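Going by the order they are written in, the chains are A, B, C, D, E and F; count residues from 1 in each one.
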Amino acid sequence: MKEEVFFGESMPKVKKEYKDLYEAIVHLNEAVYTGKTLDYKTQKLIALGINAAVSDERATKKQMLSAMKEFNASKDEIVDVLRMVLLTAGMPPFVKAMRVLYELKE
Amino acid sequence: MKEEVFFGESMPKVKKEYKDLYEAIVHLNEAVYTGKTLDYKTQKLIALGINAAVSDERATKKQMLSAMKEFNASKDEIVDVLRMVLLTAGMPPFVKAMRVLYELKE
Amino acid sequence: MKEEVFFGESMPKVKKEYKDLYEAIVHLNEAVYTGKTLDYKTQKLIALGINAAVSDERATKKQMLSAMKEFNASKDEIVDVLRMVLLTAGMPPFVKAMRVLYELKE
Amino acid sequence: MKEEVFFGESMPKVKKEYKDLYEAIVHLNEAVYTGKTLDYKTQKLIALGINAAVSDERATKKQMLSAMKEFNASKDEIVDVLRMVLLTAGMPPFVKAMRVLYELKE
Amino acid sequence: MKEEVFFGESMPKVKKEYKDLYEAIVHLNEAVYTGKTLDYKTQKLIALGINAAVSDERATKKQMLSAMKEFNASKDEIVDVLRMVLLTAGMPPFVKAMRVLYELKE
Amino acid sequence: MKEEVFFGESMPKVKKEYKDLYEAIVHLNEAVYTGKTLDYKTQKLIALGINAAVSDERATKKQMLSAMKEFNASKDEIVDVLRMVLLTAGMPPFVKAMRVLYELKE
């Protein structure tokens, strides 16, 4: 499975104890990342934009780390995503995401 | 100014009556679309993802129309964006955005 | 599949054109409604509470209709759900959901 | 007063300093928990679902603790509530609530 | 009771059928508007800002109408509130609220 | 520039590395605080109400500190703002903001 961002530490337990839920989540995850036209990187940047827009700082951090690790996303690329957050979700989510980014890069 | 999506019918009045606000909004808009690395199309798809994730159906529709018109986005490309909405924001915003998309394409 | 509430008019098209997504959604839907201890009715009332709490009036209406049809939910039962909405999400979502309910019952 | 979940440590101070507000909150709390048809347990599970759906981790934790203590809710019952969160609010709130649950149970 | 904004057309029915809920809501409403230091007008403008910030267009419209009627709020005063919405909640809620305002003034 | 609340520790870095974004944000900030009719204090209280209503505890805290420091806002004035939060956004955001307030005052 490609995407581990939302799965965190509880997922192994969910897999063991609630196998039906786990399998449905894995299935969904595979389906959403099997886009027909957009590449994986673009899809991940969109997910990052959404996580940041709703001020989910934990998911934002995980998406940033994953973007840096999986396809070597630069700080400028991530800031370009956050520009859209500033436009469509306003200053507070933008500032939070910038703080997360700076904490990661230091 | 590139982006007209949020500006709708009231913006000409804002321009006339609240020129200081209008100019600040135009300035912001220009700054966010002057990304360093991501192209305009990717930025617009991220904005679409965010609009759809927060169930803003009017903005979602405008972003879809703009994506189709400005860079000839296909239905499959838009659905690839909405896959991320399904993953990160859940079923209701995904279903709403799919309905908007089908209404546009018919 | 038990639950049709979120699926609306676009789902047949999704089934035809994006079969992978459709199957993942059906899989998820089945997994979430296969609770181990709570009965279907309680699960549906929880879903109604969540839909109403986030002011999703369309989903709220569909859940109410589905609750009335599938297990003959009374107006008082639905109001009991909305009491929780008032407590945990405040007056505006409560008032919206009451309006939806009164429109359905008249 | 039955429900103490939202009241936390500041409520005694509110009671002392802003008695009018305190009394109105107590009144509201009593009214919402005096449902006509649903029992207290079901109402509490609905409140838990709403708290989890909006990613309010502190309230989610308090509701889980309260559900375990007041009516001996099992882990499976709580997960059945969270299944609805997964369906109606998506993966991130579900994963957060599962993490809260696992932290409580360990 | 001072504030009728949220109460809309369903409240008379709630009063008749769910008197306990109605009384608790009236009590809460009275308590919140009995501020110690801020005047009624300022409190109403704050409520307008919050309604607009969460994109509740119906409540936004009612608050604007109420502000115009009850204390003769000018368009400029309302726009001054919406400036804060632009700063703290971003462009989409600001643009929606401006559209509501222009529709009211025409 | 008057308002520093949202700008936090990352803004000096944004100023240095993303000057175009920084300038657009400063421009926006100046435009929104140049209201025509409402004074700065009222605008700040509206911003506080919005921050608290969306449960942004960090921004809420900064706005409270700023209100106390810049125009000597009393606890009662801040509670009067939070009364509106209770009315329009419900109990959980109100309780969170009260906790923030009590932590600041002790």
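Basically, contacts are C-beta pairs under 8 Å (C-beta built on N, C-alpha and C of every residue); 3 or more make two chains touch, one makes a residue touch a chain.
Not measured: the values here are computed from a predicted model.
The chains that touch subunit C as well as subunit E are A, B, D, F. The minimal number of chain-to-chain contact steps leading from subunit A to subunit E is 1.
Set against the Cα centre of subunit B, the chain with the most distant centre is D. Taking the mean Cα position of each chain as its centre, A sits at the greatest distance from subunit E.
Interface residue usage between subunit E and subunit F, two copies of one sequence, is largely shared: over half of the residue numbers at the contact are used by both copies. Spacing of subunit D relative to subunit E, judged by their CA centroids, is 28 angstrom. Between the Cα centres of subunit B and subunit D there is a gap of 36 Å. Annotation: 19 Å between the Cα-based centres of subunit A and subunit B. Multi-chain contact residues of subunit E (touching two or more other chains): 6, 21, 25, 28, 31-32, 51, 59, 79, 83, 86-89, 91-92.
Taken as a contact graph, the chains are fully connected, with every chain touching every other chain. For subunit E in complex with subunit B, the touching residues are 55, 79, 83, 86, 91-92, 95-96, 98-99, 102. Put simply, subunit D touches subunit E in their complex at residues 20-21, 23-25, 27-28, 30-32, 34.
Listing the residues of subunit C that touch subunit D in their complex gives 3, 6, 28-29, 31-33, 35-38, 42-43, 45-47, 49-51, 53-54, 59, 74, 76-77, 79-81, 83-89.
Partner subunit E is touched in their complex by these residues of subunit A: 86-92. Across the complex, subunit E is touched by residues 6-11, 13-14, 18, 21, 25, 28, 51, 56, 58-59 of subunit B.
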